[in-house]
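Look for subunit A in each of the two complexes below; its partner is subunit B in the first and subunit C in the second.
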Partner chain A sequence: MSHFEIDEPGKRVLLMGNEAIARGALEAGVDFCSGYPGNPASEILEALARAAKKSDFHVEWSVNEIVALETAGAAASTGLRALTAMKNLGADVCADFLMTVNLSGTRGGFVLVTGDDPSAHSTTSELDTRNYARLADVPLLEPATTQEAKDMTKWAFDLSQELGVICMVRTVTRISHSRGVVTLGPLDRDKRSAEFSSQDLWTSGSSTIECMFHSILHEKLKRAQEKFEESKFNWYVGKENADFIIITSGTGWLYSLEAVKLLGLENEVGILKLGTTWPLPEKLVASHLKHAKEVLFVEETDPFLEQNMKILAAELASEGVGPIRFYGKKSNHVRGEFGAGTGELNVDVVIRALTEIGKAAYLSREKGYSEKAEKLLGSYVPARSMGFCAGCPHRASFWAIKKAAKWDGRDAIVTGDIGCYSLGMLPTGFSVSKTLHCMGAGIGTANGFGNLREFGLDKPVIAIAGDSTFYHACMPALVNARWNGSNILFVVLDNNTTAMTGHQPHPGTGVNALGDSSPRILIEDICEAIGAEVRICDPFDLEKSVQNLYELLQNEGVKVMIFRHECPLAFPKEKKARVYVDQDKCLGEECGCVKFCTRVFGCPGNIWDYEKGKAKIDEVMCNGCGLCAKICPAGAIIVEEVT
Partner chain B sequence: MSSIVVKGSRDLQKNVLANGLCSACGACTNLCPYIDMVRGRAVLIEPCGLSEGKCYDFCPRAYVDVPSLDRFVFGSYRRDLALGSNISVMKARAKESEVRSSAQYGGAVSALVTYALETGEIDAAVLAKSQDRISAEPTIARNRKEVFECAGSKYIVCPTVAEVFEATKQVKGKIGVVGTSCQITAVRKMQASNLEVEADKIGLLIGLFCTWAFSPDAYGYIRDLVGPAKVMKIDVPPPPANIFVIQTEAKRIEVPLDKVRKFVMPACNVCFDMTNEFADISVGTVEGKEDWNTVIVRTKEGEKILQGAIDVGVIEPKPLEKDRLNHLCEASLTRKRRVLTETEAEKIAYLTIREEDKFKIVS
Partner chain C sequence: MKLEKEGLLNTIITGVGGQGNVVASQIFASAAVRDGFYVSVGETYGAAQRGGAVMSHVRLSRETQYGSLTPEGRAHVIVGFEPVECLRTVGGFGNKKTRVIVNPRPVYPIDVLSGASKYPAVEEVLKAIKELVYSIHMVEATELAKKAGDPIMQNVVMVGCLAGSGFAPVKVETLKEVVKETFAKKRPEANLKAFELGVEQIRRKKPL
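Moving on to the complex of A and B:
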C-alpha cells in the first residue's frame, strides 16, 4: 500500500504532489474520477486507480479531456463527488463543457484539477489555466506546498458541493512532481448513492434562462469570495504594515520566502501568500494594499494576480490605497530566459527582481558559474540530443515516411501531432514532420493542406498521429477528410500504449485504468468504417513499410497506414536479440555511409568506437530491434537471436 | 582520371537527378543508405555530406570525359569517331540454333557469356532478367541455364550496375557484365575511379547497342496492350519500320513508335553512344538479318574471348557487308550530331570530347 492510501490520521508521510492531490480526493470521499494522461498531471489518476483497485469507487482514463469532464460532471450532478484531472492543454479540450457546466452547476462536489507546465518541459504551450477560472466564473485554488495540494483538494469538494459549482485546483510541474511531508487526515468512506430523477433538470439553459443561470453563477462566486476572505490558505508574513510587499501564489510562496531570507529582508518586506486566487479575497488584499507603497508579484506564467490586483487597486484608489509602484511581469522584473511571462519561476528569478528593484545588492551566482559548472560536469554527462529511445518503432516509421516521401518526389507536406513522435520534427525523426500544434491538429490541418489543389498546392499530404491521439482527437478530422474530399495519407503510429505520458492504456489496448480487461476498439475498424483505404504494417519491416506508404501516396482520397509495433519500454521482450558490430566488416570512416548508424540513424544503442574508428553497439542501451542491421550498407551489424 | 572534379551527392542531385538526366543505370545505388532506385529514378533520401562520392564519380550523366576514358580503356585516344575505338567489326551468331531461338537476334551475347563462364574467364555475369519479358531486373548468373534465362532484349530500364556492386561482394573471382551504353560507361568509370576498391574484380564487359530505353511507366501500358497473354519477345525493328512490336503466344501487336515515345527516358535523349563504345565487345542487330548480330571487337581482352569462342565453334563469324557498316557508322554519327547540338543548346555539359572532334562530327 502506497503512503497516500494509509488510514492513519495525523501520520506524516512523504508524498509526491500528485499523490497528495489523490489523497485529498480520498479524504473527501471521492466517488468518481476521470482524466486523460498528460504531464504533469498523469500520476493523480494513476494513484487513484491504484486505490480504486481496493476500494469501491470509479476511476477511468477517458478517451479525452472533454469526455472526462462530462462523465465526471454527470456523476457530480447525481450528488456524487467527482474529480477530473488533466494537464493544462486538457483544459482547452474540455473548455466547451466547462463553459456550460459552470452554469448548470452541480449537486455533489465537482473538482477540476489542471496541471500547468511553466517552461513547457513536456508541453507545446505554457498555457496558464487560471485564466479559465476567471473566464468560467468558477472558484480557483492554488496549492503552494505538498500539504496544501492535499488539503486544498479536499476542501475544493466541500466548497463545490456547498456552492453548487465546479471548483478548480491549479497545480504546476514543481508542485505535482516534487515530494513533501504531508500530515494525513481521516479517509471518508461514506458511500453515496447517485440520484437523477425525471424531475431533475441539469442544463446551462439558453436565452433568458441562461442569463438567469449566469446571474446565479455570479452569486455563487460572491459566496466563494466571502469564504476566501476567511480561508486558512491565505496569510501574511514579514514586517507588519510593510511599505514593500510581495504578493504571491503557488510555487512563488516558497521561492519568495527563501529569496527574502537569503537577502536578509525579513524585517523590511512583507509577503502576502494567497491560496484562493479567483475570485480574489478583496478585503484581505485591500488591508495589505493600504500599507503598501511598492508591490512585487511572484506567480507562475501569466500576470494573473498582477492584473486582477491592479484593477482592485484602481477601485480602491478613492479609499486611500496608493499610489503604489507595481513590479512583476509588466515591469519586466519577473522574467524567464525568454522574457516576462515565460519560463518557470525559481528563487533566482525572485532574487534578481528584488535586486533590480533596488531592495538588495546580490549576485546569486559568481561570474562564469555556468561555464565552470559545465566544465566540471561535462565529462560525466553524456552529450545527447532529444531522441527516440533505443529500439523505438517510431524511428523506423519516420525513416520509412522519409523514404516514401522522397520516392514519391512531390515534396510531401508532413503534419505532426502530440506524442513521443512529436520528435519527428527533430533529427531523431529525420526532421520529417513540419507542423506541431495540439492533439489532433496533425490530421486536422492535413484536411486543409489536402484540399488546396485548386489554389495551386498540389502535394501529397501525410498526417501523423499516435494510437492514443487517434482516439483522443483524430476521428472527427478523419471523417471530415473523407466527407469533404481531402487527399491525405494518415499514418497512425500504434505502439499499443500512451507512451509519452507513462504507458497508460487507451481504447485499443484492451485494458482500462484499473488494469482490468476491456473491449478492444481497433483503429483499423474505425478507419474502414469511415471508408478509408487501410493498410497495416510492422515498421521494422522497413522495405514493406516504404513500399506500402509509397503505393498509398499514389492513390487518391483518404488512406490510412497503421504502423503497428509495441513500445519496447512498455512491453519489454523476455529475450532480446543480441546485436553487435562485426568490426572486420565495418568500413569505419571509409564507408560511403559516412557513419550512418551514429550520425543519421541516431539510435542511442549505436555508438562509435573512437579507438578503432569503427561502429559499435552499446549493448546496455540496445533493445535488440535489429533495424540498424537492415540499413548498414556493409552488412557489419549482426543480429543474434537469443534462444 | 582528368581535371574533372569529383563531387558528392548534393551535386548529383543538382546536376543529374533534378534535371531528369538519370538513366537508372544503378551506378549510384546500393552503395550507401542515402540513394534508392525508384521506378527508373535514382532518389536522394538525404545528402550524406561527403564532398566526393562514388555516386557522382560513377554516374554516366554526371560527367563522361571521352578522351580520358578512351585512354583508360584502350590505352590511346580513338581514331574512329563513328563507332569509337575498335579492333574489328563483323557479323556473328551463336552456332547452336537452340541458343538463337531464345535470343533476340543471333544469340551472340548468350553464347559469349556462357563461353566466358564455362572457360573460367569470368565466374559470374551480371545480366538483365525478366519474369515476363516486359519488366527487367538485374541478376547474377553463374551457369548456362541462368544465362539463357536472361536472353532477349528488355526495353524497360534496369539498374544493372547496382547489381554489379552486389556481385563484387558475393563473387570471389571475375565478374562479367552485359549492359547498355550508360551502364558499361558507369562500370568503366568505376574501374577508373580512385574511390572504388573492388574494381579489379570486373572482367569482360559486353555492351549492347542501344538507342533508348523506356521508363518503368511503360510497363502498365504494355500490360494493358497484351492483357493476360504471355509475351514471347518485344522488339523495335531498325528504321524505317518505325514500330514497336510485341509478340505474344497468340499474336503480334504493332504500335507506331510515336505512341510509345513518351515513355522513353529523358536521359536517353542526351546519350551520344549508340554502339556502346567503352565495352570490350559491343553487340547489336544486323539490319534485315534477324538471326545475326553485328559485333564490334574493341579491346584485346574482348578479342581473345571472341576468338576463343570462334575457335571452339560456339560463335560463327562472317564479314559485315560494307554497305551495312557504312550505314551503322552513319546512324551513329547522326545520333552524335543531334546530341552534341542539343546538349550544347540546352547547356547540358556532362560530356567532354575534343573540340576538333566535335567540329568534325557536327559539320
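Moving on to the complex of A and C:
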C-alpha cells in the first residue's frame, strides 16, 4: 500500500517515517544500502530492498552493524552514495569503524541513520546516539516530521559528499514508526561508477598523519556549521524577541507547538526549532539567546542541546548575553515517569514543564475525571505482560531448558540474549533466563560464568541466543569459550528468521535482503568447525529435547544444542491442526495439576471455561502446535491433524 | 462529528498485538489523506507480535500536521478491538465527549491465564467505559468477521463500523476503495464483506 517509490514529484502520500527516510535516499540517488534489523529502524532497509527489486542498486542485510557500516563506507570511498541504517544500540556495534572513518573521509555521500527508542518500547536501552555525532565530530541532522525525514536524508547525502565526511541522521521511534503526509520530490536515477585505484589511500592514519586528518575533520565540521547557519531545517516562530523561548529538535517541535497552542501562549512564547543539531548553528542560536531571559529545552532523551547551548551561553556572556534562566532536564521540568532524561516526550510533558514554570494553568479534563478513570482502571484493568505467541517454538524450548535444568539439579545459570526469546526472563519463558544485555552478551557472559570453578562457582552454565543473533555477535565468544576452556552449553533457538524485528532473513535462511536465493551458512557447520559437541532437535519433540539437554549438561566443554523449528508467524501453515479439550477427560479444578495448562503454560490459546470449570482452547488464538497436549497430565487435549 | 470546531479529530484504535491494529489505522489514515486531510499516525510496535497492548493514534486536520501522539484526554473517537484495552485507552485519552466503538470479545492477558490477576466481567468493563464517555457502541465484530469468512478480519469489521458511524469526516466510499486496494491480493471479497457488515451493523445499532 506504500507509495514511497513512485515517480510522481509533487504527489502527497502517507508514509511511515522509515519509508520517508528510504524515499529520501532514493531521491538522492543512493547506490549502496546496508544495515542490520533493529527497531525502530528496520523498515528503512526493508523499503529500500523492495525498491531495489525493481531498480539497479545494492541493498543488503549485513551480518551486523559494523560490517554494514564498513561495506557502505567502502562503497562511499569509491564515489558511490551509500546509506547504513540501524537501531540505537547498533551504533555501539559500529562505533569502532565510525571513529576512524570520520577521519579517513568519504568521496561519495555517506549517511548513517540511527533509530533511537526513547522509553525503550522495543529495545533494551534508551541510548541517545546524538552523542556519537559529537564524539566522532560528524554533522548531525534530526528530523521533526515525516516530511523532514525524507528531505533531510536527501540533503545529508549532498552535505556528506560536499564536505567529504559521513553524516548522521538521528530518528526516534515516534518519527520512524509514525505515518505522516509527505510531498514527494523527483527520483535521481543517475548511474555512478565506483573508482578506487592503486593511487588511492583511505585511512585514518596514525601518529602525526592521524593528527593532521583530525584537524582536517575539525575544518570540515566548521564548514558544516557555516551551512547549518543558513539551513532551511532551522526556524523560529512565535513572538518576536520573546523573553521566554523554547529550543527544541525532533519530535519536540510539534509537541511544543501543540502545547503552546493548548495553553494559549502563542503571543507570549517563541520557539526555536533546530534540525541541524551538531555542530550547533551558533550564530543563529546566539541571535535568539540575546533576547531570551528564560529558555526551555525540549528534546528526546539526553540534555544534548541543553548542555551544548549552556556552553555557548557561557561563551556569549561577555557579549552581553544573559543572565538566562534555563529549564529542561537539569532543572527536572522536562521529565518522564522515571525522572528527567528517561522516557519519551509528548505534548503533556511539555505542558507540565510550562505549567510548573508558571507560564499557564491547565486541566486536561473536567475536575475529578482523571481520578475517576484511575479508580475504574484500577478495578477492572489487569496488566498485560508480553508473552510468546500461540504456537511459538520458544515456549517449547524454554520448557525443555527448565525441565532439563531441574533434572540436572545443580542450579544452572541461564544467560539470555536479544530477540523474541529475551522474554525468557518473564513468566512466558518460565523465568528461565537470568541475564539480558546486548547482542551476543548471553554467550559472552556465559564464558565468564563458565570459568569460575576455581572461585567456587561450579554450576552448569546455559547460554541462549537466536539464529540471527548467533551470526551477528556470538561466533567470537564461542571461539573464546573453546579456546579458554569455558564449560558451557549454548542453546541456539533457530526459527529460520529474524523474528523480533519483523522477519528479516539472515545468513542461515538461504535468502538475502531482496528475497533472492543465497548460500546457506549453517550454524551446526560453524559450531562443529570450532570443535563444539553439537546436537539438533525440534523443540516440539519435548521428550527428546529435554533428554538431549540433560545429556549435554553432563558433558564437559563447549556444547551446542540447536532447537530448530520455523517461526509460525513467518512461515504460516496452510492447514493448522485443530486442537481442543475433551472436557469429559479434563478433571478441571479437581485435577492435581491445578490448571497447569493455563496457570503455568501461558499460551494465549489455552483458556479456562469458567462456566464448566474446565480447560478450553481459544480456537481463534490457537496455532495448532499441539504442545499443550503433551503436557496435560490427564491427556484431555486432543490434536486433530487436518488433511 | 464536526472537525471544524477544533480543526482536529483524534481517533485512537486500540487492542492487542496480533489483532490487526496497524492495518486498520493504515486503512483509515490512507483514506483520510485521499480525502484531503493532513494525517499523523502514531503507533507502538514494540509489543505488537507478543500479545502486548497496542495503540494507533490517527490525527486528522484540514490545516496542519500534528505530532503523532494525542495528548491526555483529547481523543474524539476510540475504537476498541478488546474491551479491557478500550477501557485502558479511555482512561488515558477519553473525555465526556468521546465516542467509543468496542468489540466486546476479550483477549485474555497471560497474567489472567496464569491466575495472577482476574479478568473482569465484560458488562462491568462496558459500564465503566460508559461512565467516562459520551457514547459507546458495542459491536460483536469477531462474530461478524466469522460470518465474512474468518474471525481474524474483526479489524476490517471495526474499520467498517468507524466508516459507517459518521464519527470521522472520512467518506465511506473512500474507505471502501482503500479496503479494496489493501486486500487486492488477500481474500478481497471476504474483507470487503467484513467492511460492509461493519458499516451496516453500526448504522443499525443504538449506543448502550
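Here are some notes:
Methods note: the second predicted complex is superposed on the first by the 621 of 643 C-alpha atoms of A that agree within 3 Å, B and C clash if a C-alpha of one lies under 4 Å from a C-alpha of the other, contacts with A are read in each partner's own complex, and residues count from 1 in each chain.
Note that in this section a residue touches a chain if its C-beta (ideal position, glycine included) is under 8 Å from a C-beta of that chain, and two chains touch if they have at least 3 such contacts.
Fair warning: this is a prediction, and the values are worked out from it, not measured in the lab.
When the two structures are aligned on the shared chain, A:Ile631 is found in touch with subunit B, with no touch to subunit C. In the superposition on chain A, contact of A:Ser178 is made with subunit C only, not with subunit B. With both structures placed on the common chain, the touch criterion links A:Ala361 to neither subunit B nor subunit C.
Contacts of A:Leu376 after superposition on the shared chain: subunit C is touched, whereas subunit B is not.
In the superposition on chain A, contact of A:Val600 is made with both subunit B and subunit C.
Touching more residues of subunit A than its counterpart among subunit B and subunit C is C. Contact with subunit C, but none with subunit B, is seen for A:Glu258 once the two complexes are overlaid on the shared chain. Of the residues of subunit A, those at positions 600 touch subunit B in one of the two structures and subunit C in the other. Across the complex, subunit C is touched by residues 1, 12-14, 39-40, 121-122, 145, 147, 173-174, 177-181, 251, 254-255, 257-258, 262, 346-348, 351, 364-366, 369-370, 372-374, 376-377, 379-389, 420, 423, 427-428, 499-500, 569, 595, 598-600, 602-604, 606-608, 618, 620-621 of subunit A. Here subunit C touches subunit A in the complex through residues 16, 18, 26, 29-30, 33, 38-47, 49-53, 65-69, 71-74, 84-85, 87-88, 90-92, 94-96, 107-120, 124-125, 128, 131-132, 142, 151-152, 178, 181-182, going by the rule given at the top.
Chain contact summary for the complex, subunit A toward subunit B: residues 402-403, 406-407, 409, 430, 550, 591-594, 596, 600, 631-633, 635.
Listed in rising order, the residues of subunit B touching subunit A in the complex are 30-34, 36, 38, 41, 43-46, 48-50, 53-55, 169.
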